[in-house]
Amino acid sequence: MRRRTYGSTQRLAIAVGVISLLAAACGDSDSDSDSSEPDEPAPAEPETPDPTTPEPETPDPTTPETPDTVAEVETTDAPEAPVQEGPIKIGVLNPTSGNFTVFGEQSNAGIELYFEGIENTVSGREVELVFADTAGDPQQALEQARRLVDSEGVDAMIGLVNSAAALAIADFADQNEVPLIIAVGSAAGITLPENASDWVSRVSVASGQEEAPLGWYASTQLGCASAATMAWDFVSGNERAAAFGETFTAAGGEIGSEQRPPPNATEYGPFIAALDPGSTDCMYTFVVGPGSVAFFQQMEDFGVAGEIVPVGSGFVTAGILDTLGTTALGLVQSGQYTPSFDSASNAAFIADYSAKTGSEAGVYSSQGFLAAEAIALAIGALGGDTTDLSVVASSVRSLSFESHAGPIAFDENGQAIRDLYITRVVESGDGVVQEVIDTIEDVGQTWTAPG
Amino acid sequence: MRFWTFQVLNGLTSGAILFFVTVGLTVVTGLMRVLNLAHGALFLVGGYAGLATIEATDSFVAGLAVGALVSGLLGFAIRQAFATALLGHTFHQVLLTLGISFMLGNGILQVFGGTPRRLLAPSYLSGSVDIFGVTYPRYRLMLVVLSMVAGLALWLFWERSSIGAMVRACVDDRPMAAAMGIPVERVFSVVFALGAALAGLTGVMAAPVKGLHIGLDFEVLLLAVIVMVVGGMGSLTGAFIASMLVGMIDVMGQVKFPELSSLTLFAPVILILIVRPQGLLGRPLA
Amino acid sequence: MTSTGFQRDISVLVGGAVLAMAPLVLGDYWIGLLTQALIYGAVAAGLDLLIGFGGLPSLGHAAFFGMSAYGTAMLTTQANIDPLAAALISVVGTAIVAAAVAPFFTRLWGLGFITVTLAFGQVIWGLAVRGGSRTGGENGIVRIPRPKLIADVLSTETGFYVATVVLVAAVLFVISRIAHSPFGLSLLGIRDGEQRMTALGYRVNVRRSVVFTIAATSAAILGTWFVFFNQFIGPSTLEWKQSAGFLLAVVIGGRASLWGPFAAGVLLTLLETVLTGETTLWPMVLGIFYVIAVLVIPDGIVSIRSQLVSLVSVARGDQK
Amino acid sequence: MTVSALEVRGLTVQYEGLRAIDSISMTVPKGGRYGIVGPNGAGKTTLFNAMTGFAPIAAGSVTLGGADVTTRHPAVRARMGLARTFQITHLMPTLSTFENVMLGSLSMTGESRSWWRSRSSAKLSVANTSSVIEMLDLTAVADTRVAELSYGDQRRIEIAVAMATRPEVLLLDEPAAGLSAAERESIVELLLNVPDSLTTVVIEHDLEVVFALAETVTVLDGGREVMTGTGDEIRNDAHIKEIYLGAE
């Protein structure tokens, strides 16, 4: 017995030893990075009072206001720091493992593509991208965000293709006062007035932004009298289906059966079987990635494909669309991006993207590209000055430019206002493509049907 | 009515797939008392191997063969490499096989990328047929029938053949079997490899229904574990009944009580384990 | 003899003191990471009570960790209950749940126990994922407030870290007291010779249930604390891979040594987070790590030392 | 009249139809020395299992110091003073001799419930353990893990653990089985020196050992009681000889 207790004494001692050693080890490596990163501890002081100063401005950072605040910053800071020391560090948070890998890869490629396009320099400062794998899991995203901010000392974060991670990180960015630009992650709450944050903007849609117009369009333009909804049973799935239903019924349509398969499900037989093709004209679908492949396959297998017109949010592009092939024929989508959008810059984007990755550009790569473009332009507008991150954040809000996917501007909650493209999947040669059948201009988070 | 006909057929379909996945797992577990958490990964490896083959050769059958072969060999390798550890402590097995499945899963991601893949049923099995007043995919019906046939065949092999007898002897009482001069070690290796091969084969068979994507391995694994426990480790008949049962519960649960689907799926397992630790038709665990 | 017990207690305090110094050398990120690591380490130590002493390998321990974490998150954010009160309620609630299922689960052992705990964990996970607005589904719950303690120390990373060291030290202290008490000895006895212990007059299942509940409760306490640190809770905290992580820590650390699982839990957490940052191959590396761990140190870090000890004693024996 | 320490009436245990033991009855007075002999498969160990509650009883009753314990949980019977050793050594291999015996003591003193104070502060149990270890002269191996000890030592510890519970009745299942002549000697020696108040029932294959240890002996065969009597009566019974010759 004596041996036992003695043992545990020493053991605990050893344990403590190991940990404190390890801690010390980390400490060294970290303290270096600290010294090389003066702006990491420093901003903490000036920033905390800061939000109060930009606060009066940010309520209306509409085009007149913020430019002069920006100008202000430039004039005052220009003499002291013409070009700031060290690179501009941008943290990229996207899943490169887990269920959302495919989206993360495309988004990252889009982001890289943009920065390669500008030789990784903004107003003379080098841009350093720090990639972090969220695995689509908010918890891991949070851990990685802490690394990006506390250890890497990034000046801004971009990415986040899935809502769950986006929500967690939006909150994190707000608390830690780091500018964040979300690409694709669509949780509506992030940019609703009640919990919008000055630090967070979104170049992509909020849940409902595509569906509200789509509901109206399906009823009035596609002439669907009754519709079913088939949406993954998670927050943004339900948000989107609800938004569709609202405008669809408002326009005189009627919602029949509402199916809610579990997220990432691969077996849709039970839910397809619950549809009644006879009394259903079209069906709103929010089933993405792996799910959509299985889903459209099974729609065909069950012989429902021809009977019901599938309509959906613009998620079926690029890789997925190729995989789906003819099973997706007739799918009508409303989205902020389609490769078929006819513009010189889009053509260039598509060409460069396939040159870089060897695959077709889609909504995820496009949104990633846009997020990159937005942060670069925002910092560029400040002459590359990132000493005051709150100014960077508000600079994002004041952006308004013509992108490869059309015009983009932000509302006071940081939500992008952009055109929506209504597309239909049609056959072309051996494969299928999206063809633009309509455009709805300047769609923001809230949208009211014409007339 | 139409609705229920559909759902029953769907239940049978997922039951059929479950049966094919679980057979391998349950025999290995019952025989070696090894909970092989890499079973799901072997399923996925087989699936992707089959996919690659089919894309190359355009022959579904070749795909099935390669899928089974690759996973089988992999299983054999695993068994040989970790023979001792696999017979060690329960939690050693768990961690070892879990580690292996992480490696395989990530390996697939590296080789095939994250894009979900779709595997078409062979032309002669695609399309759908009218049955019981509903239009149902031919391929799925084939799976259901196949599972019945395979189940019967396996059962005969299990009950009648001398090899089957050997395996059963090992399941019942390992030392006794050894004493009777049965080459227990070899039986283990063979069964382990066969179980893996079956998983791989199923990976290909299920692909036209479930598709292929990263993360499918763990979904399948968990279902297989449930079926195994409910059916009773090492019991073929049990596995068959349990597959169909779980398949039905899963389908009905998802459609009728989506928010409770985890409960409808796992609660029965807990109940059965508590009331009848050895499962419907099996011997006590551990 | 009591002096050794006293020394053990002291060493915990000393260890805590040393750890509490870490902020002097570490930046915010590493402090945060270490906070998380310490919490996980302590969970592993608690699980060791169940696996190492009780001989019951659980693959569902994350369920209790997450259950009380979710409880606290929901109570504070939705019912606006004071964080500390919420924490208390969640921990007690979780303990009650554990105590309720324990008598049934602990009738099983080995594979049976592994499977039933796995299934239980999946049920809890499923309820969290499909819990709608109450649990936030896979979005989880954000903006979880930290308790306001003396001068609001918990508001800073360092303050929270120091508090964590104190809490973890306290938990380890209690666990180690239990482990080295007569009750702890009886657990070892049950692990080694269930039938004999019954013949000696021990109610085996009762004791198993008690240790199950104790382990679950320690996990619950740390789960609540984790949610205060993280200020977010999502379903992945309930995933069975999480439970496997705890199990790995116990095995790598060395069963029935308490400090081993604790150290292993801490190191593994650090390792995994660092790996995740460094390479997209991290699941691969993690997998390799699992395999190597089982093959190279099946009896854990502690075995290395005890092997040395036995070598020494053999040598001594020879001299006689 | 005095209540007998252990009384068994018509005890019957059934496994899938076949009767492992068939209506066995025996009465052991307080402090009595009782022996049970019989060839392998006679049902000796099954009888012990039935008495201690490890085997399902089909019929009959077990009374301990006047209290009927037929339906009681084995652990309860143990706490009521019914201790046993096992034919195949049942010890805690990874624990030291001291810890093994300590487990017996803790159960007896009730200190096994204390979960906060260190083991060493369970004074009563420590004292009891030390004395039992001394009595069975295991002091030399007190701190050694049981798994590392010789079979002879393990058999001693087997008894020590049971004795540590300070039982009223001690059931010894072939305590000398597989021991060398010398070791057997010392075990018999030891068992002869147990306090007079302790009631013992010993199963032995080796008749000489039984006759040395027991005043009254019951002969079992095929689960049935063949005869009961003193050592000499048994020794001189022709029928018994034949059973044994048959068995050996």
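First chain written, first letter: the chains are A, B, C and D, and each begins at residue 1.
Just so it is clear, contacts are C-beta pairs under 8 Å (C-beta built on N, C-alpha and C of every residue); 3 or more make two chains touch, one makes a residue touch a chain.
Remember, predicted model here, so these are calculated numbers, not experimental data.
The greatest centre-to-centre gap from chain C, using C-alpha centroids, is found for D. Legend note: the chain whose CA centroid lies nearest the centroid of all displayed protein CA atoms is C. More C-beta pairs in contact connect the chains of B-C than those of the other pair, out of A-B and B-C. Mean C-alpha position of chain B lies 50 Å from that of chain D. Separating the centre of chain A from that of chain B, both taken as means of CA atoms, is a distance of 37 Å.
Centres computed as Cα averages put chain B at a distance of 33 Å from chain C. Taking each chain's centre as the mean of its C-alpha atoms, chain C lies 42 Å from chain D.
Counting only residues that touch two or more partner chains, chain C has 1, 4-5, 129-130, 180, 283.
Along chain B, residues 106, 258-259, 261 each make contact with two or more other chains. Shared interface positions of chain A, defined as residues touching 2 or more other chains, are 1-2, 5, 96-97, 233, 262. Only residues 3, 6-7, 10, 13-14, 106, 109, 113-118, 126, 128, 134-137, 139-140, 208-211, 213-216, 219, 251, 254-255, 258-259, 261 of chain B touch chain A when the two sit together in their complex. Chain contact summary for the complex, chain C toward chain A: residues 1, 4-5, 7-8, 11-12, 14-15, 18-19, 21-22, 25-30, 32-34, 36, 129-130, 136-140, 142-143, 172, 176, 180, 230-232, 234, 236-237, 257-260, 262-263, 266-267, 270, 273, 276-277, 280, 282-283, 302, 305. On the chain A side of its complex with chain B, the touching residues are 96-99, 101-102, 104-105, 233, 260-262, 264-267, 269-271, 273-274, 289-290, 293-294, 297-298, 301-303, 319-320, 323-325.
Residues of chain B touching chain C in their complex: 29, 33, 35, 82, 85, 88-92, 94-96, 98-107, 110, 222, 225-226, 229, 233, 258-263, 265-267, 269-270, 273-274, 277, 284-286.
By the touch criterion given at the top, residues 52, 54, 73-76, 78-79, 83-84, 86, 90-95, 99-100, 102-104, 106-108, 111-122, 125, 161-162, 165 of chain D touch chain C in their complex.
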